[in-house]
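The structure under discussion appears below in the form of structure tokens.
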Amino acid sequence: MACDETGLTHACGVFACIRADGVSSEEVDVASVISLGLVSLQHRGQESAGIVTNESGRFHQHKGMGLASQIFQEQHIKSLTGNMGIGHTRYSTAGSSELVNCQPFVVDTIHGQMAVGHNGELVNAKALRKKVLLQGTGLSTGSDSEVITQLLTATPPCGEPDGANWPGRIYEMMQLTQISYSLVIMTKRCIYAVRDPHGNRPLCIGKLRNLTDSPQFSRLGRKIMHNGHDSDISKDHDLGWVVSSESCGFHSFGASMYREVKPGEIIELTAKGINSVRIVPPQNPEKPMSFCVFEYVYFARPDSMFEGQMVYGVRQQCGKQLAIEAPVEAELVSTVPESATPAALGYSLRTGIPYVEVLTKNRYVGRTFIQPSNRLRKLGVARKFGPISMNFKGKRIVLIDDSIVRGNTMGPIIKLLKQAGAREVHIRVASPPVKYPCYMGINIPTKEELIANRMNADQLAKELGADSLVYLSLEGLLNAVQVGIDDSADRKTGHCTACLSGKYPVQLDW
Amino acid sequence: MACDETGLTHACGVFACIRADGVSSEEVDVASVISLGLVSLQHRGQESAGIVTNESGRFHQHKGMGLASQIFQEQHIKSLTGNMGIGHTRYSTAGSSELVNCQPFVVDTIHGQMAVGHNGELVNAKALRKKVLLQGTGLSTGSDSEVITQLLTATPPCGEPDGANWPGRIYEMMQLTQISYSLVIMTKRCIYAVRDPHGNRPLCIGKLRNLTDSPQFSRLGRKIMHNGHDSDISKDHDLGWVVSSESCGFHSFGASMYREVKPGEIIELTAKGINSVRIVPPQNPEKPMSFCVFEYVYFARPDSMFEGQMVYGVRQQCGKQLAIEAPVEAELVSTVPESATPAALGYSLRTGIPYVEVLTKNRYVGRTFIQPSNRLRKLGVARKFGPISMNFKGKRIVLIDDSIVRGNTMGPIIKLLKQAGAREVHIRVASPPVKYPCYMGINIPTKEELIANRMNADQLAKELGADSLVYLSLEGLLNAVQVGIDDSADRKTGHCTACLSGKYPVQLDW
Amino acid sequence: MACDETGLTHACGVFACIRADGVSSEEVDVASVISLGLVSLQHRGQESAGIVTNESGRFHQHKGMGLASQIFQEQHIKSLTGNMGIGHTRYSTAGSSELVNCQPFVVDTIHGQMAVGHNGELVNAKALRKKVLLQGTGLSTGSDSEVITQLLTATPPCGEPDGANWPGRIYEMMQLTQISYSLVIMTKRCIYAVRDPHGNRPLCIGKLRNLTDSPQFSRLGRKIMHNGHDSDISKDHDLGWVVSSESCGFHSFGASMYREVKPGEIIELTAKGINSVRIVPPQNPEKPMSFCVFEYVYFARPDSMFEGQMVYGVRQQCGKQLAIEAPVEAELVSTVPESATPAALGYSLRTGIPYVEVLTKNRYVGRTFIQPSNRLRKLGVARKFGPISMNFKGKRIVLIDDSIVRGNTMGPIIKLLKQAGAREVHIRVASPPVKYPCYMGINIPTKEELIANRMNADQLAKELGADSLVYLSLEGLLNAVQVGIDDSADRKTGHCTACLSGKYPVQLDW
Amino acid sequence: MACDETGLTHACGVFACIRADGVSSEEVDVASVISLGLVSLQHRGQESAGIVTNESGRFHQHKGMGLASQIFQEQHIKSLTGNMGIGHTRYSTAGSSELVNCQPFVVDTIHGQMAVGHNGELVNAKALRKKVLLQGTGLSTGSDSEVITQLLTATPPCGEPDGANWPGRIYEMMQLTQISYSLVIMTKRCIYAVRDPHGNRPLCIGKLRNLTDSPQFSRLGRKIMHNGHDSDISKDHDLGWVVSSESCGFHSFGASMYREVKPGEIIELTAKGINSVRIVPPQNPEKPMSFCVFEYVYFARPDSMFEGQMVYGVRQQCGKQLAIEAPVEAELVSTVPESATPAALGYSLRTGIPYVEVLTKNRYVGRTFIQPSNRLRKLGVARKFGPISMNFKGKRIVLIDDSIVRGNTMGPIIKLLKQAGAREVHIRVASPPVKYPCYMGINIPTKEELIANRMNADQLAKELGADSLVYLSLEGLLNAVQVGIDDSADRKTGHCTACLSGKYPVQLDW
């Protein structure tokens, strides 16, 4: 999708960090690491962010609206003391942009404070909400993450004997809802990292490295290849551990990818190390693994790793696949800066048509801009881009986009390119048409707004002023995803394509 | 230069807009156009911005600290009424970041209000400042732009007969100082666009187009080729005119490049059209034209046009030239996102070594970030980038940068790439070493801070951990600039290379 | 107490408004009335404020830190639509000054949204908190008002049959805790106003008047005299009703005092009128009524009415009583501006010693001021006052204060007066010494900080540099309170003097 | 005048402080003292404030919009180093509320930096402005204070020989304009305090006291009595000196009143002491002294001293005089809080009618409040006050106001009192009717807006709903002012009554 301002919105990011016993706060400043972690997950949500730390059972928190780098100032980081903590960054929706919705949610329980950060969306949120309300608990927000939080304390009531058995309570909660969530949960004693049994949202574990020692990433490769034992507790001298929605920012705070949290897995992190407590199987064994394919297509940062492969590689592979499926005679391949560049380079690599830049992006165009006059309104989204006309005047362009959702940004760009001298503009979309709503954490426009429900590729080409337009096939996308998956591990793969195919991983009988 | 936070800083941007007689404010909203113009010049300065409009001699103004898109809200734009106006965006320096320094400067004169926006720096500012002070005028700021403003009213005193002869006064001012300035000056009656006799800073004129008519840029080409008459007043139905430091944003407010303001030229813009009042020759005929070569190398936006050619083209040419001068055996060419991409693509084009992305940029890393702990401090600037290791593991990289000034950002990046598996990293710099201070508008670090004064290319390669490092030669750079210059016009070309060669366009005997 | 910055802090204010059926929102804008109501209760808490309105079951809210007049801007008032609403203003304590604590608390229940505003403090908060936590409800704040909110939904669980019987649920809650609270509770259907069975905190009902008709207050008198029937529903054409902690601001939004909510009473307000649902008797019949005597002494605004009398009158009476108990030879009576003026005028009236101003208050001295140099530190609180020396030079002053808590503001003032020429300064305090903590909503310093626990009146006089110092006796205070009480109604009177006498209205065995 | 929001606005305040040689910055922190000084002058202007300090010729400044206590934070005070400085607080007018107008004005001159703070208004500002503009100096603001600043550097041009003779330049400036200004001027070497030859605006000198020594104000009396020698330089060990528009805040930073600056006097303050450089006589000897009588009536703080007497005393005397001129049968005397309290107490003292409070002021009502609904609009300004009805029900009130300007605040208050039970309300105004504009620094409404130009006292009484209304006579006011003037000094007295009498101190032929 060419431009952020229209289309899908992301599904939050969660993060956690714990410092190993015997490591000083100068070596590993938990709040700094979490704050850097949230900055690295910022693309997953820019509305608000929060950090909660745990200092011997006493929680400290700071939350705010906006970007993590603005919210967490020096004085906040200093006040967020403790040897462990969790963080959350939230995506922006139209209506309920209020501080009260900021995560992590923090509540007092009979067993001390608890904090919860959630990425995902409960498909049966409505029923669970009713369940909590019927138990007599008032809910302060409309958020399903608050529902999870109250389920964790209320089912069974944590006042009962063995109430402090948090893994048990997490297990009970997982019986009530199966998709989708990646959670970080902090109690007074430790942190739990939990991924739903379908593995719908990503979640991975990293190990904090001593930064004086050298090459990490060469070793990283091997590490990923060879890990895979369920309860493997790190034996060497550790600095600590992180949990993150994506691995992309690991090097920015000196961490190495350790492994992904497995679908249904409950990981416990203490100052002594990590432990895989339990793996909860999906209730429907027919559909064991349903990792969101759009994380590959659009959401995740290209340098993140899922299922043993880099997101960048999948995108490039999508471009190559697109070249096979939908060749076109042209002088150059390009893209609208900058999310589809890997796919464009893949298309170029496969076809031999040179990759060339056709547009400059003005990074200073604000999101909410002044109401333009009648005349200026016609310029629309093209205001954000400058044509590098020397590169394409009189030439035929293959313009790669990663996805088309609403379809209202590409038209003005094609017009801009043609006015600047492009002879032909052929659109190639590195993913299939988006036709169905997502109930698992992605904010997709209504069916009516999804352009693929209103016209087919040829009609859309005409509407946009393109000389042709072809989407990648669903099979092509799934092939591209498979190419690089590391199956040396005992990994189950399987992807949710609901928004493209209408096939949902669980029944939606709510 | 890889990263904004170290090195050269820009030299402000100026903008002006006037609406033609008979055109409604709904068609051309002067304040909206200026605000869009400043957004398109934002890369030239992000500290503060201001707009002054003229409503039948009554001036309205709004200024603020920060980015244009934040400063100019709907209500400000609405209050900035009038049929003409000027704007300014200012660069950020360490100390004097105060509202009082925001331009345009507005003063009352005996002939009504006057506003001045200035891009550049007076080499003899100190002497002129003394001159103004000796006349008994107190100066409120340390800015040489205020000196220009007071010179314009005071020399000769505008209380004298013929005091309202503004072109005459501008001419007098140009006799007192010759370099460097591009000015927009608004009086109660009209706007003047002025470029210093050496043409050191850019300034160009655009024509506001009716946006209902179709392809512009194809026609644009011809227009640029064939214009060149001194006092050519537009005959067709005009909407109005703009003046801008760069042409990059013209399409964003529906303007076409008309031509550049010539060195020494005084252009008058009224509601009736534009008029070239006079061309002031340089006092030293030996050095007639000295356009800053660094505008090509680094400052300007790649889609801007200078001397009939696109900046992007020059940068690409620099890459090609570099490929000739400094070949290297490698598997891939890349760059640090994103200013050196054109040069890298040029290098790739000339050598046939494929262009590949090696780093992702995290756009959410704030400028002023929290003080990291000891451990995190070692990560430095690399915090901003994520390695796309799959693209370069085990391979040799030619990494193109546009310039090296302080040299403190490249080291951590090379380290990051090597840790992520790069076999070799060869740095190729698409400009010669920066060795001398600039007194004409560029904020260059002290001689001691310029890394090229402390070590040669080989020493620097060693320091940075690169396997080799080669700069583009000065001749190579000048050749690259010449390739695309449009000399069909009666254009004089010539470039200031003071910061590279130490040869200044004027004598510095102050 | 002379100065706000030291001593007791207030106990919040609650407010509610409902518009009668058939009245337009232009006539009675509920949000505007609440906002004016909160401004009139601002002296009860300046930390934060919130308004929640109810538009056919859909709640709208706006909360913020600071003063009501800053928090509620035009746009907020406009968005707070509905025919009923409640508001809250919160006092400032040192630590937990966070938005999350702002009231009213709003929760979703199985029977729709509910909002709660609370003035007071539960003496058994800790036990009730544990009860809620044991039921498995996580609590987001440390506030006992959240405990009340969750008790209201959870005990019995509102999912049970008859769960929407809110008066029943309120009754249950009142069985669990008896002191202290004045509550406004809004459900999707109506508003409840509740006062604890001991009547510890004030709460009164007002009727919105049509502002075209004339004299209100003459009629007001009669109204108060003659009301007193339990379920009296207003028969005449009503505009609507308000509920407020104090009656002081009634005229500012065109309301008349109707009557006080009785101890233990649950009042229901609907668009049809008001109804007294039930009166819950105190569990301990020995101590039936315990209205906080410090509301008279210091907290309430002088133009508020409690128990049929004006607060101003009680304060004046305290001054008269003090004159009887502690006469002194002096030329003038005065006070530190401005809370003790009524008492000072009362003292003057009784003794015939003229009342004179001795100090001017500088209203612009901020709360948090810059750290003064060593020399300036000595000036302390006197910085806030200017001596009107011409009024007292060479004379003996009786300086009346309403209370002395920490005792650290009077010293510098006496010094200031003496330096400015006062011959003698005799302190007379219009209330007994404060010696015991309050657990019912007043933030009293620790026992050690209460000066009356460290020295007697004579020692204190010496410490402060006063020529004498006498407190009002407890009997004197209780007499002064009784003088004006309207006992024509079936009113039970009785006052809590715990902070003065150590006799608490309920047993503190928690 | 009862309420700030309508009527006259003030005329700024100026302040200066210099530390004596040998005194440490810990003893006398110049910036702290100035900041406290501005807080004490805050009633003279609340729009903006600024401080400029001088550290060995290098000026530091901080300015901001709003109140001094908000503008000057700890970090600003710390950065405002130096042994001398000046400050300014500016009043709020409708239009030009911009930071650029904040004083002190700071300019560079050929002899170093200069800063100017101005209280007053030049009657010939327009002509002088033209003079400056004709000299060729552009002016950045519409402020006459900037005109003074540029006159000081330009006439004669300070580039001429002897240009650094600042007293000479100040003298020249005083020849060009005679009324009205009280100035503090700081050069790189020292501070000048200047009062116009007619003494229209106040200005006084204070001496910083060592705060360990005791009674100040008893000695202060004598000091004022006996000083009067032209060039008296303090001989004892000094801490430093302050200059201030009013003496009211002196005790808040530990200063004692030394004496007033005389009309036309130029005082020089250095680290060695103070020196009276020169006294410039008025050009028109017929009208030698014209101190603004409204400083006594309304502007100044009651604890300030002018001409040897306290403002409070004059106001009380006005009340007494009013009692003689306009007696009335009534049960009580009162006022609208709180500026007319001294006059009301004076009226009470003379007549024996007891002084009683009738209104409580709600200090939390903001200036700009939400747009009320139709119904609430009728309540108007009365929203700010609560009636203490028990004090006046059925009684006749004499309500004293200090002045009536627009007359639109008193009506609603009378209505409020009558509705609350007042039998009669008789207005007595402690100053004559305001009928003429002021051109000397007071922002008076237009002639049409001045109620006294539209109706006489009886008509106004009827309009306002008062039972009677009488103004103090002009003779009565002038008598009241004379009673306490200290004429033991060689003091010339004389007062400007232009706004009351239409007799201006200088001819207005511009």
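Labels A, B, C and D are assigned to the chains in the order they are written; within every chain, residues are numbered from 1.
The rule is short, and it goes like this: a contact is a pair of C-beta atoms (placed from the backbone, for glycine too) under 8 Å apart; a residue touches a chain by one contact, two chains touch by 3 or more.
Chain by chain, the UniProt names read as follows: A, B, C, D = Amidophosphoribosyltransferase.
Predicted model only: the values in this text are computed from it and were never measured.
*Asks:* Taking the touch definition from the top, what connected groups remain once chain B is excluded?
*Replies:* Connectivity without chain B: one piece.
*Asks:* Which chains contact both chain C and chain D?
*Replies:* In this structure, no chain contacts chain D and also chain C.
*Asks:* Could you check which of C-D, A-C or B-D has the same interface as A-B, with more than half of the contact pairs identical by residue number?
*Replies:* C-D
*Asks:* Select the chain at the greatest separation from chain D, using centres from the mean of Cα atoms.
*Replies:* Result for the farthest chain: A.
*Asks:* Using mean C-alpha positions as chain centres, tell me how far chain B is from chain C in Å, no decimals.
*Replies:* Inter-chain centre distance comes to 63 Å.
*Asks:* Let me have the rounded angstrom distance from the C-alpha centre of chain B over to the C-alpha centre of chain D, please.
*Replies:* Each chain's C-alpha centroid was found; their separation is 50 Å.
*Asks:* Taking each residue of chain C in turn, which ones touch at least two of the other chains?
*Replies:* none
*Asks:* Take each protein chain as a node, join two nodes whenever their chains touch, and name the resulting shape: line, ring, star, complete or other.
*Replies:* Chain contacts: single closed ring, each chain with exactly two partners.
*Asks:* What are all the chain pairs that meet the touch criterion?
*Replies:* In this structure, the chains touch in these pairs: A-B, A-C, B-D, C-D.
*Asks:* Please name which positions on chain A make contact with chain C in the complex.
*Replies:* Residues in contact with chain C: 99-100, 105-110, 114, 129-130, 133-140, 142, 149-150, 152-159.
*Asks:* Quick one: which bits of chain A touch chain B in the complex? Just the residue numbers, please.
*Replies:* Residues 25-29, 32-33, 35-36, 39-40, 42-43, 46, 67-70, 72-74, 77, 210-212, 214-218, 221, 248-249, 251-254, 301-303, 309-310, 312-313, 338, 341-342, 345, 349, 354-357, 360, 362-366, 369-376, 378-379, 382-384, 386-391, 393, 416, 418-421 of chain A touch chain B in their complex.
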